[in-house]
Each structure stands twice: as C-alpha cells, then as structure tokens.
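Presented below is the structure to which this report refers.
Chain naming follows the written order as A, B, C and D, and within any one chain the residues start at number 1.
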Amino acid sequence: MRFRVSVVVFPGSNCDRDALHAAEAVMGAEARFVWHQERDLARPDLVILPGGFSYGDYLRCGAMARFSPVMESVVAYAERGGAVLGICNGFQVLCEAGLLPGVLLQNAGLRFVCREVRIRVESTQTPFTAAVPRGTVLRMPVAHGDGNWNAAPEVLRDLEAHDQVVFRYVGAGGDRAPGATPNGSMDDVAGVRNRRGNVLGLMPHPERAAEAILGSEDGARLFASFVRSAAGAAA
Amino acid sequence: MSYEPVTATRALLSEHKLTDEEYRRIQSVLGRDPNIVELGIFSALWSEHCSYKTSRVFLKEFPTKGPRVLQGPGENAGAVDIGDSLAVVFKMESHNHPSFIEPYQGAATGVGGILRDIFTMGARPVAVLDPLFFGPLDASRMHSLVDGVVRGISGYGNCIGIPTVGGSTFFHPSYAKNILVNVMAVGVVRHDRIFRAKAAGPGNPVLYVGSRTGRDGIHGASMASDVFDDEKAKRRPAVQVGDPFVEKLVLEGVLEVLQGDAVVAIQDMGAAGLTSSTFEMCSRGGVGMRLDLSKVPVREEGITPYELMLSESQERMVIVAHKGREEEVASVFRKWGVDAEVIGEVIAEPRMELLFAGEMVADLPIAPLVEDAPIYRRPFVLPVPAGEGGKSVALDGAPDDLTALKRLLASPNVSGKEWISSQYDWSVQGDTVVGPGSDAAVLRVKGTRKGLACSVAVNPRFVAADPGLGAAHAVVEAALNCAVTGARPLAVTDCLNFGNPERPEILGQFVAAVRGITGACLALDTPVISGNVSLYNETDGGSIVPTPTIGVVGLLEEVRDAVPCRFVREGDLVVLLGETRDEMGAGEYLATVLGREEGACPSLDLGAARAVVDLLVELASGRRLASAHDLSHGGLAVAAAEACFGAGLGVDLDLATDLAPVRALFSESAPRVLASILPGDEAAVLEAARRRGVPAAVVGRVVPESVRIAVRGRPALAERTGVLEAIWAGAFRDAMEEA
Amino acid sequence: MKLQITVIPRAGILDPQGKAIASALGRLGYTAVHAVRAGKVFRVEIDAADRESAREAGAAMARTLLANPVIEDFEVEVVD
Amino acid sequence: MKLQITVIPRAGILDPQGKAIASALGRLGYTAVHAVRAGKVFRVEIDAADRESAREAGAAMARTLLANPVIEDFEVEVVD
C-alpha cells in the first residue's frame, strides 16, 4: 500500500515543494498539493502544513492562513483523528487555528535565525516519534523569525502532565543548555502535540534534514516512524 | 492641456539629467519638441543606468560565447548548459543608492529585482548571494546601514523562499557615504523552457501583471546615474517598498504560465518600470506597441501618464501573449491572487503609441530610444598601478606573528559573518549541500547527480592598487572558490561598481578593470554571460574604490563528491598549491595590522590560475581531496586557521621558503590553495600537480586542537584552535551587537 | 468612516520587542523611560451606518483576526 | 506619564501588510472595509515634568528610533 500525503499550499507557503519531495523521495508516498481554496483533502494518510510565509506572515504568522477554506477540512480531519504535521509556518498555523496549544512569538533575539539545532525527543506518543526512542537527539535546521513558543504556565504544566511536549532544544551534549534554544521558547520547547497525538507541530525542519547529501538524515526518522506506525495501524 | 510640447528650460532638462546636446538630439529624432511624457521617457531610457551610454563601448570586449552558453548578455539574465537538458541562469545587480537612502527597502527590492530577472527567463530561482561593501562600522549611520541591509535581504529572500547561500562583506572607508549592495541570483531551467523578452506578432495582446502602480521611485533610474550628495539625500524621492509576498505569487504564476505556450515574451519591470520594459521588448523584436495607460492598475487616484511610465513600483511584469490566449494567461495569475490586465497590443511599426483617457500622450520611435541611444566615448586615462615595480613593502612596527594573526582574524573583513548569514534562510528548498561559511556554496540539482557551486569575489584593495590586475584577481578568486569544491567554473556574471565616469581617471579604472576581467575570463574559459554597471558611486566628491564584483557558477558532475573547505580528519597531509612570493602590497596584513594601504597588487599569472583550477577539478573528481580552501585575505596563516575551525582540529605546518616568516605567513600571492589529502595519496597528488606545472608541496599535517606554523623549522606561531576560532567567530557579532 | 484599532501584548505576556526598545532608548540617553510595550495599529476605512456600528465591526475584526486573544488586548476607536 | 506613539506608513508609500490584511478582511466577509494601513504602536512609560515635555521626548524618540522618517509618519499622544 502506498501512503497518501497531502501538502497544503497557502499563498506564500515556500517549503511546500520541499515537503512534497520529502514525502515522495523519503517516505515513498504518493504526495500531492492541496490548494488553500480547496476543501477536498484527497483522502490522505497524512496532511502536512509546510513552512513558509503564508499571506506574507504580515499580521501574525499563521493568522490569515487559518481562515483559508482548506483549514475547515484540516480541522475536521484532525478531529476525526487524521494525522497532521505542521512544520515551522505550519506549526504557527496550527496554533492560530487552536489545533495545538500555545503561541509562537517573535524570536527573543528579534532576528530571523537560520542554523542547525539539536532537538531531543521527549514524547513517543505520536506516530512521528513512536519509533524514535525518547531521549534521541536529532540534528536539523531551524529557519524562522517567530519561533518563540509560549503558553500560560498552567497550560505548560498541563502539557507536561500529558506528555505533550514532543521536542526540546538541547546542546551538543544532548542536555538542555544555555544558547541551545535559538528563539527563547519557554522551557526550550521545539514541538508539541495535541492530546490525542495525531497533530504535531514543530519549528525545526525535518524535511531539510532527510537525506545524507543535506548533511543530516535525522529528519527522515520522523517520516520513517510515521510510515511504520501507520503501517502497523493499517495491519 | 499638459501634453503640449515642453519648453526646454535649463531646470527642466537638468531635472531630467539631459544635456543640451541630448535635447537637440531628441528634437532631431522627433522633428519637434517632445511633450512632458516623452521627455520623461527619453530621460529614463537615455540614463546611464538604462542605456549604458558610457560603458557600452567597453563592455563589448568581454568574451561572451562558449560551447555551453545558451544565452549571453542582452536578455534578463544569461544561461549556461549544465547537461541533462538543464541550464543554469544567473545574473548580478546593484542596488547601491536606494540602499543608502533606506537600507531595508533598498536591499529588499534589490533582491526582488534580481529574482525577477531570473524567473522571467522561465527559471526557478535556487539561490541568492549578496556581496556587500560598507564603510567602517564607526562611520555615521553605518551600524544601522549594515543592520538594515541585512534585515532587508533577510526579509525579502526568506519570505519568498529562495535561500541566500553566500555573499561577501567588505569594509573600507571609501564606502562610508556610498555603500554597495550587490545581489546575485541563480536559477535552473529546462532548455526548452527558456523564455526571452522579445516582443513579436502584431495584434498580440500586452498584459500588465503584478502589483498596482504607485508613485514609487519615480526617477530611480536617473538617480542611479547621478552623483550623490547630502542635499539629494534630504529630498528623499519616494522610496520603493518591496512586497515579497506578492513577488512569491508572481513567481509561481509566471513559472506556471510559462509551462504552457500562451506566452510570446515576458519581461520584468525594473529600473524605469513600464518604460524600459516595453521599449526593450519592442527593440528586441523590431516591433512596436500601442498601450492604453488608463488600463494600468493603480494604487491611488490621479496618477499621471508621466508617473505611470516612470514609476518603479515593484513586483510587476509585462507579458506579450498569443492573440486569443490572454484570458488563459490572466486566469493563471488570478488563481495566484495577482492582477493581470490587457493594456494594449503589439503593432508592426516600431513605434510606441501611448494613450490615456482616449488621448495620445506619447508617440515615439523605438530604435532611437533604445538601440540607437547616445553612446559616449568619454576620455579616459588608464591608471598607473601602485607600488614601484612591485617593490617589497617595508613592515616596520610589525608585532609578533601570533598577535598579527589574531588581529587579522578579528578584522571586519576576515572575521566570520555568521551574524549575517544566520539571518538568511540558506536551507529553504532543501537543496543546500554547502551553505554560507565556505569558499563557495554548493546546491544539488534535484533529479540529477549534479551540483552547482556559487561564489562571489573581489578584493577592492587589489583593484584600487591596480584596476586591471585587481579585476583579474576577482575572476580568479571567484573561480577558485568554486574549483576548491571540485566544481568546474562555467561562466561569469559581474557588477561593475565605479565612481563618476565623467572623470577620466575613473573611466580609466573602469576600462582597465574590463580588460582585466576579459583576460582572466579568456584564460579560465569562463565567458561573461550577464552583468550590471553601477557608475556615479561618489558622494561629495569622494569616490568609492573601484569595485568590480565577480560572480561565478561552477558545475559538479557528482554533487556527493563536493570537497569541503575545512580539514576533516586528523592525520591527513596538508598540501600547499601555488607559489608564495613576497607580495604584501595592498594586503589585509598591511591594512589591518599596520594601518597602511600601499604597495603593489600581487602579481597574477593567468596560465597558472588555469592550471590550478584544472588541477583541483581533476583531483576532486578522482576523490583525492579531503578538503581544499583557497588563500585570500590574510594569506596562508588565516587560511590555515580557518580550515581548522568547526571540527576542533588543528594543523602543524612547516614552510620551506626563502621568505621572512611574516611574509611567508601573510603574503597574499595568488592563486594558492591549502588542501588536505589522505596519507598515501601524496605521490599521486604531487605528480598530478607537476604534470600541470602547479608548484605543490606537502607542508604539514592535520593534528588535534592547535594551530602551529613554523618557517624553515623555526616556530612562528602556535595557538589553540579554540582561542583563534572564538576571536574569529565573535569579532563581527560583538561589533554588531554591542552598540 | 475611519477606525483605529490598537493591538497590544497583554500585561504579563512576554514582549521582547518592547523590552529591546526600552533598553535601546536607555542607551540613546532617554533615561526617563521605564517601560515600553510594542504593539500594532490598524487604520481601517470602512462604510458604516453610524459610529457605533463601525466600532462594533472593528471589535469583531479585532477579535477574529487582528488580535490573538491568548496574548493580546485590543482597543477600537472611531477616528472620523 | 504614559505616551502612545503611533507609527504609520506615509501616504502613497506601499503598505504590503495593510494590503494583505484588507483582503483577508474582505475574504472574512467584512466587505465594507476599503482600505487598511498597518503600523506600529508603542506605549511608553516615562518620567516627565509635564505633558508638554513628555510629548517632546516622545517625538524625539520617534524621530531617532521608533519611526523611519523616509517612509513613516508618527503621532505622539500623552495618554495619562
């Protein structure tokens, strides 16, 4: 069976082609674009909200994309338990749409930051990390101006209690360290999931670290984990 | 009625930067006086910026042909075959004056403009590089100029999603009141999808696509052709504001529409907006156009035909479609949320007829404004190279060599520029194999095994000392930056930034530089396929140092085999390729350590440069190179230290030379390369070098943690790599963050 | 009619930009400045029957799009 | 004292942000909206002898740091 991946394209998405490439070349999926004005997600096994600057990110990142027609379908799909992965701008859209908790504020350094980071797997309660042992450190790039994840303290406590923090930024040694977090995120959070685990958002870009030629294949582990979980679920 | 013939007063002509002589020529072309719209059009098209009226005669010298060249200069960008039915398209441009006035928007719209040049050719842009030239950081406004320019490039390039993978940053007092912002863009296209900007087919509709027109940057083209002064900075012409979001939509729309066959010709609106785009398309095709300017989408009420023709609003294109296919074209853009309007049609007669509200507001012939625009043969005096016969410069007051190395690593020109490059998204599109921080960036070409190496270079101090030789050095350095990755340099683009060409000594610098580039390009077999000239970079009588920025793209047959520029493994042998001579003149050591700018530009043997390039490509394709880094600012000691950074490695070198240690360490002789190879490969590597006549010697090995350099067995300097790396990595960041 | 809609980070919510501006102002010699909050402002031209309905429309826009209620407060003013 | 400093793109200067927001509002059904200009607002707490000197300090800050005079206009208001 071939997986079906739908990559949503908002005006201003710019990692859509990268995500499609990763889905096809790395996951071996049958991948397609879904234009933001469509409502038909094309029966996917996974929906990816890619990175970029939807609507120029002119108001708040993700704020305008949230109102795209396609988002109604994405919300309904997620509520039915469908798998949704939001990368960077996609994560911001998911937060704005209320599918994931917290907000992404401007980076603490007030500058866009593009560099390689290390993130540690904190939760395996999503198909994307089910096959990646907790504590695994993954290397991949970040590239964003607004990746400073924040939430009310009680929200964070609640997330921790339910194992919903999926990734934290860590230093070279694999531990949380000063300077490891590129954007000032609360508690070094790099990615979170919803309670059910079918929706995951993260700021780093696994699709840019999914082939040896790009310097890291760690991102591919998330895709491979998803493929395994989904195959397991189907069997 | 405002379309009566003008009265050519002094003031009117000077506002339009037209000389009396040029005005007489206008009268004789038209057989009458022009009206104001026509005068504005003449002024824009005959500006230096659009017409190259001073530079054109010299640029003819460039070699522009080669077996791989699919498109040379004359179109929006040049194109070179890379096999697999693909071509690489690239070009460099300047946005100097606008960036000095408003650094964020000036730099941002510079990125936008050069990207349009790439995608109008039908190519998807894959990379941006940004050669920047600033005054000293403590000069007035400089800190915020640097900050604004970097934010502008970052803001535009990141949003549109094209990785900024490299660049260069050079500081020199001559740029204090005239910074240079050059931007190079690279794209990839299938041969059969290369589009050109040649209008054809009378009756074919002309479409306006993109942002609405406002009163932005009117007279931008003539401003770029004028000397800058403080008074003008105060007048503040309406600045163009970029909208990268719209550009992204225009880009996708253009690439989508060019997949079909509804489009005859396409051109972006750059300097002098609607005027230059339409006239140039007509000129290339030997046809004319009839346009109804009332149909141009506008942003505000009351914009006049004069303003419509001269506005430099961004993110706009002109498309000539096949008759009857206009709706098909427009609907693609509408899907992307972009305005597209038919504003006129192609006519057989080579004239431009402009209507507005039912009235003819301009009626002009094409050729006299474009291909037959004035050409000047201005007088020039060729420069006398600095430094008597390359005499050795005295180094009185030199500190010990380790102190000197540390000062060099901390100098703004040598120190690491991660503060800049980390603000750019260099990994978007998922093709960046080597990002900023190396001699050249390397991108894979999806769907093939190939890679593209991209680099920019120029050492303005070399050019100042000897414009011809210095410009040749720039070509060699950019080519070598590509070759150290293993890539075969394919072709050159350039951005020639000079002062006021009406001064014979400045024009002489220009002429010498063009000749220098020509010689180097012939020797390296890298034709010039595109470029840009920026003259009048002069403020209050002070000219910039001549700055011919060179961009090179190279081809890697196997991108997996790209050679890194830093040492990779302890125990590898270190090989120095090329000859080290006593060449401290015009160097970084002299300027940074001793505070002097004098002496001769280092010599350059173009045959030797070709041999080194060929050798590197040969060694890399035979997988004989573990790493390779070319020697530039600061010479061998700086390059050796840089090659150790990142991986916690060190190097132990002993140089066999007759030179004094300080000269052996810091001379900037070129071409030279520091490579590391597996022990056991040295016989093969040295033999390959010998066959090509490249001086080569094993000078040491890669060791853990410390940089140690001896000359003739006597230690010259030793320091822990970590200490040197901290200096190098922190100096620029600290200078930018502390204020 | 013209509305001015002001969106400001909630008290207690991190405002890195405001903080950076406050310290930049301090360095520039404006030592009398204690605190800065940085927000956004929107001038909206709208057709409306009267000021009250214009204001209401403005508040609705702010609630749905212009402000993020988790972190921001807003104010709507009818300017003319 | 509290100042509100509002920074808005000059008339005639392209305001991509305002433009994008205006069309988003249109899509959301606010069809009565014709135009939006988007700017920044700063709430500044400052010690000052009187309202006039507070206002002057605010104007000076806007000129030197908060606004870009090439493309933006600003207004200073003493809020309390």
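By definition in this document, a residue touches a chain if its C-beta (ideal position, glycine included) is under 8 Å from a C-beta of that chain, and two chains touch if they have at least 3 such contacts.
Since the model is a prediction, treat every value here as computed from it, not as a measurement.
Colleague: If you tally the C-beta contacts, which comes out ahead, B-D or A-C?
Modeller: B-D
Colleague: Let me have the rounded angstrom distance from the C-alpha centre of chain B over to the C-alpha centre of chain C, please.
Modeller: One centre to the other, that is 41 Å.
Colleague: Could you please state the distance in Å, as a whole number, between where the Cα atoms of chain B are centred and where those of chain D are centred?
Modeller: For chain B versus chain D, the centre distance works out to 37 Å.
Colleague: So what's the Cα centroid distance for chain C and chain D, whole Å?
Modeller: Spacing between the chain centres: roughly 9 Å.
Colleague: Based only on mean CA positions, could you tell me how far chain A sits from chain C in angstrom?
Modeller: 30
Colleague: Please list all residues of chain A that touch 2 or more other chains.
Modeller: Counting only residues that touch two or more other chains, chain A contributes 55-56, 58-59, 64, 67.
Colleague: For chain B, give me the residues that contact two or more of the other chains.
Modeller: Touching at least two other chains: 243, 245, 337.
Colleague: Tell me, which residues of chain D touch at least two other chains?
Modeller: Answer for chain D, listing residues that touch two or more other chains: 16, 20-21, 24, 28, 38.
Colleague: Among all the chains shown, which pairs meet the touch rule set out at the top?
Modeller: By the stated definition, chains touch in these pairs: A-B, A-C, A-D, B-D, C-D.
Colleague: Can you tell me which positions in chain B touch chain D when the two form their complex?
Modeller: Against chain D, chain B makes touches at 101-102, 104-105, 211, 214-216, 236, 238-243, 245-246, 299-300, 313-314, 337.
Colleague: State the interface residues of chain D toward chain C in the complex, per the touch definition above.
Modeller: Listed in rising order, the residues of chain D that touch chain C are 4, 6-8, 18, 21, 24-25, 28, 30, 32-48, 57, 60-61, 64-66.
Colleague: So in the complex, which bits of chain C are touching chain A?
Modeller: 13-14, 16-17, 20, 40, 65-66, 68, 70-71
Colleague: For the complex, give me every residue of chain D touching chain A.
Modeller: Against chain A, the touching part of chain D is residues 16-17, 20-21, 24, 27-28, 38.
Colleague: Which residues of chain A touch chain B once you look at their complex with the stated criterion?
Modeller: Residues of chain A touching chain B: 11-12, 14-15, 17-18, 21-22, 51-53, 55-58, 111-115, 141, 143, 145, 205, 207-208, 210-211, 213-215.
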